[in-house]
Structures are given as structure tokens and as C-alpha cells.
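Heads up, there are several structures right after this.
In what follows, chain A forms one complex with chain B and a second complex with chain C.
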Partner chain A sequence: MLHVLYKRFLVVVPMLLGVTLISFFIMKAAPGDPVSMYMDPSVSLEDMQQIRENLGFDLPVYKQYVLWLKELCLGNLGYSYVTGKPVFQAIVERLPATLLLSISSLVVILLITFPLGLICGYKKDTLVDDSITVFSFLGLSIPSFWLGLMFILLFSLTLDLFPTSGFMDPLLYDASIFQKAMNIGYHMFLPLLTIVVGGIAGLTRYNRFGVIKILAQDYIVAARARGISEFRLLFKHALKNIMLPIITILGLDLPSLIGGSYIIEYIFSWPGMGQLGVQAVFQRDYPILMATILFSSFLIIIGNMIADICYAYVDPRISRGKERV
Partner chain B sequence: MTGKVWFSFIYLGGLTVLALLVPFFNFDPTQIDESLIGRPQAPSFAHWFGTDELGRDILLRSIYGSRISLMVGFVSVGISICIGVIVGVLSGFIGGRVDFLVMRVLDTLMALPTLFLILIIQVMLEPSIFNVMVVIGVTSWMGVARLVRAEVLSMKERVFVTACRARGIVERKILFKHIVPHTLNPIIVAAMLGMGGAILIESVLSFLGLGVQPPHASWGNMLENSLGYLRDAPWMALIPGVLITLTVLSLNFLGDGLWLLLDPKARERDVIHT
Partner chain C sequence: MVRQKICVVFWCICLGILLSCTQSTDKQTLVMRLGAEPSMLNPILSTDAPSSSVNGYIFNGLLKVNEKMELVPDLAEKYTVSEDGRRLVFYLKKNVKWHDGVPFTASDVVFTFDKILDSNTNTVRRSDYIINGEPIGFEAVGDYEIRITLPSPFAPLLNRLTMGIIPKHIFNSEDINISEFNRKPIGTGPFVFQRWETSQFVLLTQNLDFFDKKPTIETVLLKIIPDNNTALVSFEKEEIYSSGIPGKEFPRISESSLFQTFQYYDLAYTYLGFNLKNPLFSMPDIRQAIAMAINKKSIVDGILRGYGTPAHLPTSPEMWTYPKRSFSYDFDPEGAKSLLKEAGFVMNSRTGIFEKNGDPFQFKIITNKGNKDREKAAEIIQGNLKDIGIDVSLQLMEWSSFIAIVNSDQDPKDYDAVILGWSLGLDPDGYSIWHSSQYPKGFNFIGYQNETVDRFLELGRVTMDRDKRQGIYQTIYDEIAKDVPYVFLYYPESLVGINHRVKGLSEAGPTGLFNPIENIYIEE
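On to the complex of A and B.
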């Protein structure tokens, strides 16, 4: 187990560095001069030049990167062009809402796709399998921001069942924790539903193939021949092997899940990193943009690492040193 | 299975024919009906899909929008496949340290939230159809590269490659004449799925005002226009959304169907990684 962690660590560190490098170059490539962004226009050109030198803008690019990385490690990501607030603080404030929404949607997607994939694979090429496949493909093909709009139109504007946007009623400021949680859940329902509809297809499909593959294996055939009940066969013998590929796919799906949920956050005014990022797009607030992409990539890399560790935990072959293909 | 594929063929075929032929007729999708400004009309015989907030015919704008979507799908997937195949083939065939390095770079690039990256790049560039296609293309080739690399790696070990070597065929020829053609099937499938993805991304970009600019019609910016009329003129939001969904759905069905058709062993083999 330990050397799995060690190996993952060796892979993850260069990836994190790579991501910081990309974010740095996004910042460098951004149009406009960052110094004049913050300065009073009345500051003279010579003073401006002095400020630029003080800030290290005359250094070679690689030195600027090292300086920037040092500050990054200290939690300094610069200041927003628009509000002037520290970027790090702005992002950290938004993190809980994003984590809540993305982790909840991941859990719901897993809870739904697992049985769906099992049914599809077990009853392959039947009407049930075909209908589930068609519906999950439909979910995959619907533009999620449009689906969100349609949900708002149907559930909020027409039926008045759910709120169109927001995180929690401001009136509940002093309410009990339970009431607050219920209210947040109530606000989260529509964005969650939108993300889940789009996320079901891929995993169900993979899961279906996984089930078909496992069920065709000799050990299952042998177990069947011994007269083991179908229920025991599926849940005792096949289950663990079916779970394996799902963990990997979940890791691979993370970037699109997280990136996609940003538009949903924006549509439903969910106060997460995505909403912050999309607003920053409109305001050309490059420090915020850079930080958003940096933090989301960190989340994705960490998510992938957790997936890999889970994989090693579920599959003892990995922790005994055999590589996964 | 076949039902889904037929549906996709007919739908996409019809859409392509309409998209190709519409410029030959004397219609103007930007024509404004002054008497209807601010009063979108519901679908009727005169305007089958209704009119939008400027009195423009939504059917006509939808057809012109399909030209954009199909073009974005084709061109950006073309770009991503070119880059993906070159990187994948070289990385897989050269192997060793180069392959290791390329794969780590791919891992890093794949850890970026693609859609958001595209948004940022679009903000820095001038929003235009051309930029949308190029940006989508150069940010979505990593899946193809992985796919092609995996295929090349498995082909390299096959007996027929050893046989080629034994006959003294030069490496370059083995690679391009004997190995690369074998990677074609998964590429075609990835292209279908990639086109669907590109069309979705274009719609998001145009919806946010970072893609196709008005007065040109694209399904995404038609949705953007519909925002102020969600309650009063829901057809303005419904029609482009349904068209995007059907188009992407057809491409996904075709990709899935073609995969099983081109590779009958796929049913037993591992799942495709795109």
C-alpha cells in the first residue's frame, strides 16, 4: 500500500507543477499590463517603471515563475482586478459550495449508475437495456446549461416548486443547522439534477460493459454451475470486479464533471468557484480566472489520486506491485 | 441498435442537406420584421418555428445555425484528430523515455477543466467562428492521442510487424503502411463522439457571448437571446436546445453504432477510452 502512495506521489507532483506552469502562462499571456491595472492613472511613467522593477517585471520569465510559485505556496495569488480582494480568499470562500455540489452530484451519479449498469449488463440486449441506454445517451447529449434553463422554466417559473437560484434563504440566518441544511438542499436540488442527468450516461455505459465482461468469465460460469443463486453470484462474486473499472472511469470523468458544473453554477447562481470563474470571464478578471483554473485542476488531480488509492485498496493485485494495464 | 443508427443517419443527412442548400435560396436569416420587434410570435403557418425578439424567422435562423454547428464539429474535430494522431503515433512508436514524457504531459493537460480553459482562451482572443473552431480543436486532442498510442503499442507487438521487419521493410514504412491504418477504426468512432462534444462546447461559448457574434445565427446565441423571453416565448429557448440535443444524440448513436460495427470483438473486449 505504501509504495502505491509513494508512486502516486511521484506522478502527482510534476502534474501539479505542470498545472501551475500553465496557469502562470495564462496570466502572462493575458492582455493588458497588470501594473497599470492596479495603479492610479495619474502615476507618472517613471514611477510606473520603478514599480514594475520593484515587482520583478524586468526579470527573466523563469525567475518570475519561481517568484510567483513561491508566493503561491504562501497562499498569495494576487488581487482581483475588479474587487481588489485577495484572490486566494475569494476562491477559498467559494470552495465549500463547489465541493458540496460536486461531491453530492458524484455520489448521486454513482448511486444511480451502479444499479443501472448492473441491470443493463445483466439483461443485455433486452428492451430494458435498450431503453436505459437511449435515455442515458439522451442525458449525455443535452446541453447542460439549456437543461438547467428548462428546469428553471418548468419547476420554478411554471410549477413554482423550487427556487430559481441561490444557496440559502437570507432570512434563515439565525435558524437551526438542520433548517439551514434542509434549505440548502432545497436550493441544490435543481442544479444537482441537471449535473446528474448529464453524468449518468458515460458511467452506465462503462458499467454495463464491465458487467457483461465479468459475467462471461470462467469463475462466474463455474459458480453458476455449482448452483449458486443469481443474487449471490452478482453481489458476492461479481460485484468487486465490477467496481474496479468504475473507479478509474470516475477519475477520468472528473475534468468534464467539474468543468461542466461551472456553467450550471452560473445558471443557478450557485455561489461556488464556477460562478466566480464565469463572472470573471465577463469582467476579464485574469487573476481570478488563473486561480479558478489552478484550483479546479488541483481538485481534479487530487480526485484522481484518491481514485487510484481506492483502486489499489479494492484490487490487492496493485498493492502487491503488479501494474494495472 | 439499427433503429438508433437509422434515426441518426436520416436526421444528420437531412440536416446536412438543408445546411448545404439553404444559401442557394433567397432567404435572409438576419431580416428584421419591424412590426414584431419585442413581440416574439408563437409557431404558426407563416413561421413554423415562430419568430424571435426582432421578428426574425426562427426556422431560418435554426437552419443557418446548423451550418455553424456542423462546421464547428467538422473543423475542430479535424484539428484535434490531426494533432492527436501525430502525437499518439509518434509517442507509441518511439516508446521509451519520449513516450513516458509525452504521457505525463498528456496527464497534466487532461487534468485541466477543458470547458473553462476554452472560456479563458476565448476571452483573450477575438470572439469569432474561426477562433472557436481552432480553440476547441487544440484543446481536445488528448483523448485521441491516448487512443492512438494504445492502439499503436498493441500493434507494435503483433506478429505481422515482426514479419515485416524480418522481410527488411524500413521502420517508417511499417509505421505508416502497416500500423497506422489499423488505428483508423477507433479514430472514426472518436471523431463522431468528438463532434458531438465540439457542438456542445460551441453552444456554451455562443450562449455566453464568446462564440459566434450577432447578427449571425448559431444555436448557442439563439439561446442567449431567448433568456429575456423564457416565460413569454418559451419556443425561442426550446427549439435551438432540442436541435442541439438531437444533433449531438445522433452523433453519439452513430459513434456507438459504428464502434460495434467496425469492431465486432468490442462487445467482449475492454471499453473504448475517449
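On to the complex of A and C.
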């Protein structure tokens, strides 16, 4: 197992290099640059050209990439072209809000979808299954920007239960940690609810499918024939196998935990990574873009590795299979 | 026992939530909205609206624009302009201190403009202080006098002297492009910077040492709320005290006693611009026919819900150069058809499209994706032109791709017509948009060429007298309106709602309402 991991880890560096190289060239091939965003008759083309030179856009693209890579090796991710802020700082200051929202929504979604999926799969094609499916699909099909706004209108404006948007009350910055945590939780309720409603359907379907597939397998039929109770059958014999596809999805989902959701952040003024990344694309803020690409590709690779380890843990057939090879 | 413990914990949590939810908002706290994260709180580097809003509270220029859009001294006590318009002398106020307590002097002013002119500074304001390739000279005489020498007279300069002055003692030893003081600014203005939480808010407090009338407002909290709908709900919930109001909500908000509403013209217009180098649009009659075929009133009613007015000139009704009477082509589809027939077009009764030498009259309008008003305007224009027999196709483009076509150096450029808008400065100078030297490189991307307009644009820049300039710009507007290089579509109105507790507002206008901020107070 360790040997496999070691080998996988060695591949990470060239893979990352490849990803950054391709992204850098695609980014540069796209029309526009940070300076061309000024479409203002009071701005002269000479000034725009001067800024391009100052930022090194007049150099050949491969040289720009080498310079970026050199700085990266020295531990410098550069400065945002738009705000002049160190890229590392720009990312780090947005990470907590993103992680808080994405991890809590993932936990809530898992807590809801796992039993739902089990029920749906176990009670396949019954009224319960159909109703859960209909409701979860309803959640999936409602666009989150609309749902978010409706929640704001209902819970914030009409019922006056929650604030419309934001992360924490500005006047609480010197308050106790407990007060801050409570206030953040209070602000987080509506964005969390919006994500959860939209996110239930997908995982419920995966779980349901997993349960149906596993319950149809011979060993389950055999276990049933031996007279094992349904509870034991489901939770002792089927559960681990049902988790396999979920692990794959969660592994692939890791970068999105960090990536944040632009729409949710935009509607609820949540200070997360989603807004940073999307704005960087629109503004052609290359240093921020490169850093986010680097970060998320690293996480995709790591996510896959973690998923592999979890596979081996949950399904012994996988690691044994590799040992035989 | 366990149940009791759970109950206690539950009620503790509820109490905690309640306690943390009740924030004691100071009664003299003005809570405003920023539509996006500011880029940099440094007036010489930033160009985005949120940064300018915040900078307005923190920095001062030599001059400022008052609520009537007039220039008045700010950091300057008074100023003089020599008869030939080439020498300006500014006498500075002596009681001005930076927010860190250091006295403000003439060296700060010289430093600010030197930094702008320094090619290492990533600013797009450099050309504002360069005339015919020569930089304007800024010289400090003692601590409180600035002499400005121009290579030639330049009327728009005075407006450009509203540029916020930055502290020399702070930026002298810093790389200004990446300095941390761009995120914790030190200025001379009525409010002192306290805190900026990324994507959340900017907090400012009253400057007790302010050199002018001290503001009544003790704290300004600028909340960053990117979504307009969320901002409107926040405004209705009184979480913010001011918000732009969409047209369809304006009557409802206006009726509420909780809010005061205002409407005024922006310094902006939206237009359909022709590529004049395209043979199709090289004849003025064709452009005139298109202008007569477009129902601007239906665009204003359909898109702006009547909150705006059809445009005929390259200026704004709020601008002092806006003429009392102006030349315009009115909506007349039959007249438009006659013009096309006179130009040699023949209607193909089978297709319903005009043709010339067997070629149907068709062209493509491009505009930027995401601007719903422009997208809808394009559709209305498409329908209007189809009605008279012109086949128009539309293409919505991502901003960068759009700009790459419009701003390309090639001649002729690769487009037929564009829908765009211009935001105007406080000076009527339209050199960069209309002068023939600004093509193909520059903002005259339609390739407009008119000797009279060129001459008067140059004259407008060197004439200092306001009445004379008014005459000059009247001539320019008339010439442009007759030539129809653009079909001017509409002047949009700003619809603003302000909480009823906010008092001391000025008359509504592009520089009004909260200007001067010192007059604003919150009623209990």
C-alpha cells in the first residue's frame, strides 16, 4: 500500500507542472488581459500599454510562464494584478468562510442523504421511494439563485428570523469567540439551507442506486436465506459496500469544498473562494487564477489518493487484488 | 437527568444566538452598500466604483465637486489661473493633518502627481496630466503653495485636480503598486479608515481633526453586497440605508413612508454605433434611415420602464453643456423606407427585406453578454429594423472578446455595429471618443471623421471660459447629431432609495444627495 502511495506521489509533481503549463497557455490564448478591462474614454491606450509593460505582458508567453514558475519555486505566488495583494493572502483570508460553509453543508447533506438513500433503495418503487425522489429532484431542479432569494424573502424579510446576507456583524469583531461563532452560525443558516436543499438529490440517488445494487447481490440473498435479520443485513453486510461509490464522489468533491460556490456567495455576500475565482476569470487576474488552478489540481490529485486509501479500507478486495498483482 | 442537561444546553444555545443577534447599532452610524469588493483604497491606482466610493470619504483633492457639479476648493484655500491659462497657483489650507497626525504640505501634492507621472506606477491616470506628449509641471513653493505649469492651456485639467492626494511620508519608501497602505489608507478626509474585512465591509470613523466642518455621522459602515436583489431586501429591512432601486420596484418603494426616493439622470448614455469604415454605413442617409426606424421611446418604456429618456446627443441632460434645443431625427419608419429607396435599395416583396444589386440589407449588431439592458435594446432594434425591411442578426459576446474586436488596431475593424454605453466625466471634453486621431487606436473605434468636430474638440480643450465652451460643444453636438455616427438610444435615470431616518441630503444629482457628507445625520 505504502509503495503504491509513494509511486502515486511521485507522479504528482509532473502532473501539476503539466496542469499549470496548459492552464497558463490557455489563459494567455484567451482574448483580453487585466488592462483591457478599462473601457473608459478617460483612459488612454498609452497608459494601458505602459501597465502591460510593467506587468511583463510584452514578454513571450513561455518566458512569462518560466518567470511565474521561478517565483513559485521560491515560494512566491505573486501579487494580484487587480488589488496588488499577495495571492497567498488573498486565498488564505477567504478560505475559512468557504471551508466552514462547504464542510458543514457536506456534513448535513451526508447526514440527510444517507438514511434517505437507504430508505429509497430498501423500499424501492414504493410510495416512500417515489415521494423522496420527487422532493429531492425538486430541490435539484430549483436554481439556487432563485431559491436563495426566496429564502431571504421568507426567512429574512417576512419572518425576520435571519439576516439577509453577510458573514458576521461588523460590530462583533472584538466580541468573545462564542458570540462570534454564534453570529456566524446565524448568518450561515440561509446559505447552508440553500446548498443543502440543492445538494440532497444527487447523493440520495447515488445511495439509493448503491443499496439496490448491493441488495441484489448473491451474498445478500444468501445471507437472507440464512435468516439474518434485515437490520443486520443492511447495516452489517451491505453498508460498507454501499459506501464505495460515495467515497469516489467525495474524493472528487474535495476541490469543490475549497472552491466554494460563486452563486451562493454572491447572493448571500459570503466572503469565500467562489467569488475570488470567478472574479479573477472575468478580470483576467492571472496570478490569482494560476494559484487557484494549482491549488485545486493538487486537491483533485490528493482527493483521488484519499479515495483510493478509503477504498482499500472499506473493500478489502481492492488492496488484496493489488498485492496479488 | 440526561434530558434535563440537553434542555439546559439547548436553551443556552438559543440565548447565545439571541444575544449575538442583537447588535447595538450606533444611532449615528451610516450603513451604506458597496456593490463589489473595492480593488485598492488608493485614488491614484483604482478606477472601480466601489474603491472611488470609499476613497471619497478618506481622501481630498485640491478641488472638489459640490452637489451642483461645480468645482470648489478642497485642500486648497483658493487658486488662480493666469490669463493664458498655462499657469495655475494653488494656495493650500494650513490646518490640514493626515489621519496619522502628520501635517499635510505642498510636498504631498507634488509627490502625488509625480507618482502618477512615474511610468513604474500602474495607473491609467498618467495621460490625464500629459498634454501633447509633455507632462504638466507641479512645483511646491514653500509648504503651502503649488505652481502648476502647462505646456498649453487645457480646460479639462481643473476637473482632474479633484484627484485624491496621497501621503508622501507613507508611500515614499514603498512600492506603491503592492503597498499594504492601499488596503489601510491614510488620508486627510472627514473619515478615518478603521477596518476592511475582505468581501464583507469597510468601516470608517469620524475624523475629529478634520480641517473643514466635522461630520455628524460618527461611523460609516460600507457593507459589500454584490447582488442587487439581496441589497434591495437589505434596504427594505433597514440593514443598509441606501440602495439603487430597480424600475419595477420603484413605485412600491416610493409609496412606503420608510423610504425617501430620488431619480436623476446619470452622466451616461447608451448608443448603437456603426462601423463607418464598413461600406454599408459609409452613407449618412443609410444611418439616418436606421435612426428614424428605431423607436427609442419603446426602448425607454420597455427596458427602463420609463425611467429615462430617448437620447439624441453625446452628453447627458445633467451636464452643463446640454443644449436647450437640439437636432434630432424622430421615429418615422415610413420616412426611413423612403430614404432607403432613394439610396437605391429595392424591397424584395418575397423576403420583405431591402436589396441593392441583389444583396439583401443585412448586418450584425454585437454587444457584451450580461448587460441585460443592452441585450433587450438589441432585440427591440432588431424588431424595429425588420419592420422596415432590414435584416439584423445579434451576437452577444464575453466582454474581453468583445473589446478585442472593437479595440483592435486593424483598419477596417471586423464588426458592423455595436451597442455600448459611455459613462461621462464631469468635463464635456469628448476628444477620445470623437477626434479622428483616435482611430484605429483609441475609443473612436467607429472611425468617425469630421473636420469641424476635430477643430472644435481641440478648441474646447484650450478654451477656459465656460460660456464660450458651451457654444463650442453645442456646435460639436449638432454636427454629430446630423452625421449619425451613433444612434443615441437613451439616457438612463438613477433610481435611489434612502432610509427615512437619513437627513441632511442635498438635491438629487450625479454628485448630490450625500454630498457634502458632513451635512448628513441620522434622525432618532
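The criterion applied here is as follows: the second predicted complex is superposed on the first by the 221 of 325 C-alpha atoms of A that agree within 3 Å, B and C clash if a C-alpha of one lies under 4 Å from a C-alpha of the other, contacts with A are read in each partner's own complex, and residues count from 1 in each chain.
Just so it is clear, contacts are C-beta pairs under 8 Å (C-beta built on N, C-alpha and C of every residue); 3 or more make two chains touch, one makes a residue touch a chain.
As the structure is a computational prediction, the values presented were derived from the model and not from experiment.
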item: Partner chain(s) touched by A:Y79 [first = chain B, second = chain C, both, neither]; value: second
item: Touched partner set for A:P271, first chain B, second chain C, both or neither; value: second
item: Which superposed partner A:P287 touches (first chain B, second chain C, both, neither); value: neither
item: Partner chain in contact with A:S141 - chain B first, chain C second, else both or neither; value: first
item: Touching partner for A:P191 - first (chain B), second (chain C), both, neither; value: neither
item: First (chain B), second (chain C), both or neither touched by A:A30; value: both
item: Chain B versus chain C as contact partner of A:G199, first or second or both or neither; value: neither
item: First, second, both or neither for A:D47, with chain B first and chain C second; value: second
item: Touching partner for A:G121 - first (chain B), second (chain C), both, neither; value: neither
item: Doubly contacted residues of chain A, that is, touched by chain B and again by chain C; value: 30-31, 149, 152-153, 157, 282, 284
item: Chain A residues within the chain C interface of the complex; value: 30-32, 36-48, 50-51, 54-55, 79, 82-86, 90, 93-94, 149, 152-153, 156-157, 160, 163-173, 175, 178-180, 182-183, 185-186, 265-272, 275, 279, 282, 284
item: Complex contacts: residues of chain B adjacent to chain A; value: 1, 4, 104-105, 107-108, 110-117, 119-120, 123-124, 196, 200, 203-204, 207-208, 210, 223, 227, 230-231, 234, 237-238, 240-241, 244-246, 248-249, 252-253, 256, 267-268, 270-271, 273
item: List of chain A residues in touch with chain B within their complex; value: 11, 14-15, 18-19, 22, 26, 29-31, 130, 134, 137-138, 140-143, 145-147, 149-150, 152-153, 157, 205-206, 209-210, 212-213, 216, 245, 252, 255-256, 258-260, 262-263, 274, 277-278, 281-282, 284, 289, 292-293, 296-297, 300-301, 304
item: Touch list for chain C against partner chain A, complex; value: 13, 16-17, 19-21, 23-25, 37, 39-40, 45, 47, 119-120, 122-128, 177-179, 182-183, 195, 197-201, 203, 221, 223-227, 229-230, 233-234, 236-237, 239, 399-401, 403-404, 407, 422-425, 430, 432-433, 441-443
